[in-house]
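There are two complexes below, and they share subunit A, which is joined by subunit B in the first and by subunit C in the second.
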Partner chain A sequence: MSTATTGMSTKRRNGAGSKRRNGGGTGSESFGRQRQRWLPWAFLAPTILGMGLFTLVPIVASVVLAFFRWDIISAPSFVGFDNFAEVVQDPTVRVSFLNTIMFVVVAVALQLGLALALAIMVQEKLPAWLRVFFRSAFFFPLILSAASVSIFMRYLFNEQFGVVNWLLSFVGIPAVPWLTTPAGSAAVVILVYVWQNFGFSFLLFIGGLASIPTETYEAASIDGATGWRKHLHVTLPLLSPTTLVASVMAIINALQVFDQPYVLTRGGPGDSTRTAVMVIFESAFQRLEFGQASAIGVILTLIIMAITAAQFRLSKRFVFYQ
Partner chain B sequence: MTTTSTQRADVDRLAPQRPAPRKKRNWSMAGRIVLLLIASVFILGPVLWTLSTSLRPPAESFQLPPSFLPLNPDFSSYDQVFKQLNIMLLVLNSALVTGLIAVGQMFTAALAGYAFANLKFRGRGALFSIVLATMMVPAQVTIVPVFMLIRGIGLSDTLLALILPAIPTAFGTFLMRQYFLGLPNDLGEAAAIDGASPWRTFRSVYAPLAMPGMAIVGILAFNYHWNEFFRPLILTISEQNFTLPLGLVSLQGNLGTGSISVVLAGVILSMIPALVVFMFGQRALRDGLTAGTGK
Partner chain C sequence: MPGSNGKLREISRRTALGALGAGIVGATVASWPRLTGMDIPGRGDNSLSIAILGTAADAAARQRVIDAFAKVHPEIKVKVQAIQAADWKDFFTKILTMVAAGTPPDVVYVATEGAQLFAEKLAHPLDEYLRRDAADMKEYFADVHPSLVEAFMYKGSLFQLPIDWNAANMYYNTSALQQAGLERPADNWTQVDFRNNLAAMRKARPQDFTPYYWTNRLFGGVVPWLYANDTSFLKESKSTGGEWLWDSFYAQDPSRGLRSGGYQWLEPNADDPRVYESFDYLRGLVKDGLGVRPEEGGGNSLVGLFASNRIGMTPAGGYWVEGLHEAGMKEDDFDVQFFPRWRTQRHQFGTAGYAIMKTAKDKDAAWEWLKFASSLEAMRLVFPTPNTTPARRSMVNEQLYAGRGPKHWKVFYDTLDKFPTTGPIPAPPQQAAVETALMKNVSLAVSGDENQLKQALASMQRDLEIALRRQA
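And now, the complex of A and B:
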């Protein structure tokens, strides 16, 4: 802003600020307009410069890079949509996206179902100390590293010596080849992921349940609704805003799964547990195809943005707000 | 953030209000407790197995029946993990990376959040929307350009390569803006009448009040970066720059299945700081994780 516009812009800023309850101007007028003008930028500088350099520039760069062929060694060459065409036809990339979609569907369904059931059970009448215990227990895996969890889970799912197969043997199930077959590996990745992440959805549901007014339940019980009917006809509709947020967050997080399959299976056997982010990692840092990696990244980002946009539309149409 | 604490106060709301026959209600509660206990066993069991197996002699690691309670602790695996892995260096690297990111995020997010909440400037709304929009793009997608950038500025294979890009935080800025919006604005007016400069108003009046918010930003940063695996896997090359999760995964790869208790001892050691945060900062962590979900 130039000095010539100082008077005008100050006025405009004050005009805009009056709409907001807490809108700024802490001691502005007594302080001299010169100072006030650069001051916000001094507060913002570390974040804005840092995000510009490490987030915005990389976002733009990865979109640009998606249209180039580059292996770091030779100069990048423009290839138009070739990277996208190759990526879409690449069998490994296709399988990985299909795996990711399958993973998201099954893992998110399990995660939300488990979280909702446990949240309802914890929020109903229960001794206070037990409620605190259960809540902490379900929340606990969230503080662990996905890499560490995958390390010990790999031992637990060991075919010969693992605790899981040992337990299953008591109910007459013969040793399951968990990590050596495609189906077994996919199951382990899903189970380990859900084990660690359902607590997050659980927390969201706990918050959503606590915000349902008591009177609603009184009215429902006067009308004779009890037990699971009460939850089907009262809890679920009233919880729909939370369910929507929880599903979208779970879907977006699950689409980016990497740590668990990387440590548990390295994407195998074959390509059976390779995920979208794993192929980004592999094409960039193992095959040095930075353009293709960026193209896969752009596709993944577009999917995530589409889901976020869908959330806004859905929340207008289907969600029942009180 | 502020609403969750009041909601949590009435957790008993869902209890049926009309007195049902007493006996029936107790039965349904007992059933629920049994189900919840089974779920807790599935959640805590693997961690207990990890702890007690790390406390068995390495030769007994895979012995069945497994052990879930460390009745006769044997610390030889812990000796081994210090010998086979430079675990002190891993701890130091992780602590340095996590600590500097957490402190850096707390300060930059407090400053930016204050500017977005309490200061007026041209383009504030637009700039804040841009900050929020960056949260939609996953970090895994921008990792290729970030890797190039790090190489370009000569930081590849240093701890700074992990620290610097993680300090500017969109989510932290959002959290701190919410926090400052929740503080009464007449405090700033009073300070201004007393002749305090805008910077002094921030430093002496608002920043101290915003400490709980900053603590949430710091704890979230700690929890995320202490455990993160993807960025260290890409941005560090030599073992002397590895962080704990990366070091443990490579230890598991190097050792055969013979000494799993050594790997598990490393896993348990790496959990200790997270456990401390869990015990003392669980509320802050919960509030931070669920903040901004529109409850």
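And now, the complex of A and C:
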């Protein structure tokens, strides 16, 4: 019966199509044509409307706001490029951008390296049922709230009463001031961020590894490649499209890091873990300088766009498509 | 399962889609009141909307006050909106976003941290109402210490009526003190005595114990030490004006001569040698393992740690009593003493009260709420347990602390009487930027050597200059 239905539907579709091709048509057919024209737009309308209202308008408004001084309460006043000039001269903003770049370099390298290594291990060494378990286990931190995780981690890394220092004490390591020294704070922020985010890159790499034909590995084995050489000369090149996607997404995410440093260290001690997005938040919602916050946001957006464009440009040289 | 014929299958799909659509429409219609935002206090009706820092449970706890208010003013409908936030700064951020969204509350419960921000930008002065209802308000002011009132004076006008407050006193664990062979510190103990006590406690319990735990916050962090050393990280001055209030309500008060038109913090003071001296003292405590390196914004775990006998002393206010009681501490397990004396024994305090927003729809109704909320009847309903120190002296009594402790609960209100120069948290209108400038440099200042301390204070001075230059 289902075959008959399919046949009937096909006939109906073909019939309508032939009438259209013949240029004829009754009123109902004309309505059908009209419907076919507006139907896609009707389906797209909610998305377009949503994107326009909640993405495009805020972006444009944010860029415009960067040229105004506005504290929410008083009327905004046009200040030209003053906000940009003040932002560039502000040492806290400069340090926060530098911190963000350093964070991206270390965190993304760790995130991708860890995700790739674990993906290869899970895909190669583990039985199928364990693979499923680890895929879920590594992805699990990503679905947790970053704020909740950070609050929890704050307890774990407490210098006096934290579990981490308690465990370290068993191997004779004295209490580490994790959250009260610049190096310790940066390490914890990166660690927590990578722990929570590497699962996504891991899943991408798992997908990429699954798409590499086994014949390629067999051919490499016949040619004498074993162990890490096989991965160096087969896995990495063939995984390069996935690596590109994973690195683009990881860098964009890392450039916008906020939750972990805000909850774990509030940007301190000093400015050692203050990031660009934290400064945007502080400017807007704590100091009521929405114009300056927008200016920092515009600069950050331009940096993200420039880095992403550079990645795609470099990808022409380093990414191999089968 | 596939349908038994094509028609049935097609109908099933359509039916499913139709049902889904009908469901969405139905749900939309059913939840329409919420979708229109009618549940946002004050929107769409003439209710007086009141924002407080807290949870839905805190809002529910206010219900008895609302009911009592309704009996007195049946014509004024009140809705309390509890806003959850990590701290006061976070709470003010949320109020500001409500202002930006065009849905500001009519009345906001504001602590000292935001008093001048609200006074400068958002709040309506109470002067006209206080002059009009002076006879009604005499009883309130007679029961409230003028230091608390002065904290809400700004440029000669009063913007809030203190409802509750807390000074940074020193809590101590009685068993930790006994283990170290120490007795309760004297009322006029000094910073040297304090350090000796910590050293004794450390000696008695070398492991899994912190003699002095403190956090990097505006209240109870480094500021009480600065105040005790007769300095602060901001230069403090007072504005003129306000005589009308002091003459009306505090003419006979012994501290009348100290009162002013409000505090001003116009210049940074981190380069003061006494600031260096205070930080160096704290650096010494950290270096010698007597005190912790303070975490920024920490404090959430403090009650638990103190209640589990792992902390010897920590600065806190009367708000801690109920928390310690709930954490299982008996009334004799802990006690409280004045903050140690250095050059002075000036304490730091924070207070809170309702402010009427400039944008309030009905300011007269808002004033009636303020007046009622400051009455003895209302405050007894709000503070049945010691989870803060009521601003009314008459309420800080044996009955409030019965069965909970501390034994020397009188220390709380005596702080104001014995040390009349005790002052509020330094919080100019640019409080958020100032707080950030202070906090971000504290950990560095007390964690390294002398050079690092000097660098951190220089950085603090520079950051404060920038913060104070900013518009509030």
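What we mean here is this: the second predicted complex is superposed on the first by the 277 of 322 C-alpha atoms of A that agree within 3 Å, B and C clash if a C-alpha of one lies under 4 Å from a C-alpha of the other, contacts with A are read in each partner's own complex, and residues count from 1 in each chain.
Note that a contact is a pair of C-beta atoms (placed from the backbone, for glycine too) under 8 Å apart; a residue touches a chain by one contact, two chains touch by 3 or more.
Computed from a predicted model, the values in this text were never measured in an experiment.
In the superposition on chain A, A:Ala61 makes contact with subunit B only, not with subunit C. Look at A:Phe285: by the touch rule set out above, it reaches both subunit B and subunit C. In the superposition on chain A, A:Thr301 contacts subunit B only, with no contact to subunit C. Judged by the touch definition given at the top, the superposed model places A:Val171 against neither subunit B nor subunit C. Of the two partners subunit B and subunit C, more subunit A residues are in touch with B.
Of the two partner chains placed by superposition, subunit B and subunit C are both touched by A:Phe161.
Once the two complexes are overlaid on the shared chain, A:Ala75 sits clear of subunit B and of subunit C alike. In the superposed pair of complexes, A:Phe140 makes contact with subunit B only, with no contact to subunit C. Applying the stated contact rule after C-alpha superposition, one finds that A:Gly268 touches subunit C and leaves subunit B untouched. Touched by subunit B in one complex and by subunit C in the other are residues 1, 9, 151, 154-155, 158, 161, 285 of subunit A.
Within the complex, the subunit B residues that touch subunit A are 3-4, 7-8, 10-18, 20, 25, 28-29, 32-33, 35-36, 39-40, 42-44, 46-47, 49-50, 53, 62, 64-66, 107-109, 111-112, 114-122, 124, 127, 130-131, 134, 136-138, 140-149, 164-165, 167-170, 173, 180-181, 183, 185, 188-189, 191-193, 195-199, 201-202, 223, 226-230, 233-234, 244-246, 248-249, 252, 257, 260, 263-264, 267, 270-271, 274-275, 277-278, 282, 285-286, 289-290, 293-295. Across the complex, subunit A is touched by residues 2-7, 9-10, 89, 93, 96-97, 99-100, 121-122, 210, 213, 216, 292-297, 300-301, 305, 310, 430, 432-433, 436, 439-444, 447, 456, 459, 462-463, 466, 470-472 of subunit C. The residues of subunit A lying in touch with subunit B in their complex are 1, 9, 13-14, 16-17, 21-28, 30-31, 35-37, 39-41, 43-44, 46-51, 53-59, 61-62, 65, 114, 118, 120-126, 130-131, 133-134, 136-149, 151-156, 158, 161, 163, 166, 195, 200, 203-204, 207-214, 217-218, 221-222, 226-227, 241-242, 245-246, 249, 252, 255-256, 258-259, 262-263, 277, 280-281, 284-285, 290, 293-294, 297-298, 300-301, 304-305, 308. Across the complex, subunit C is touched by residues 1-2, 4-6, 8-9, 71-73, 90-92, 151, 154-155, 158-161, 177, 179-182, 265-271, 274, 282, 285-289 of subunit A.
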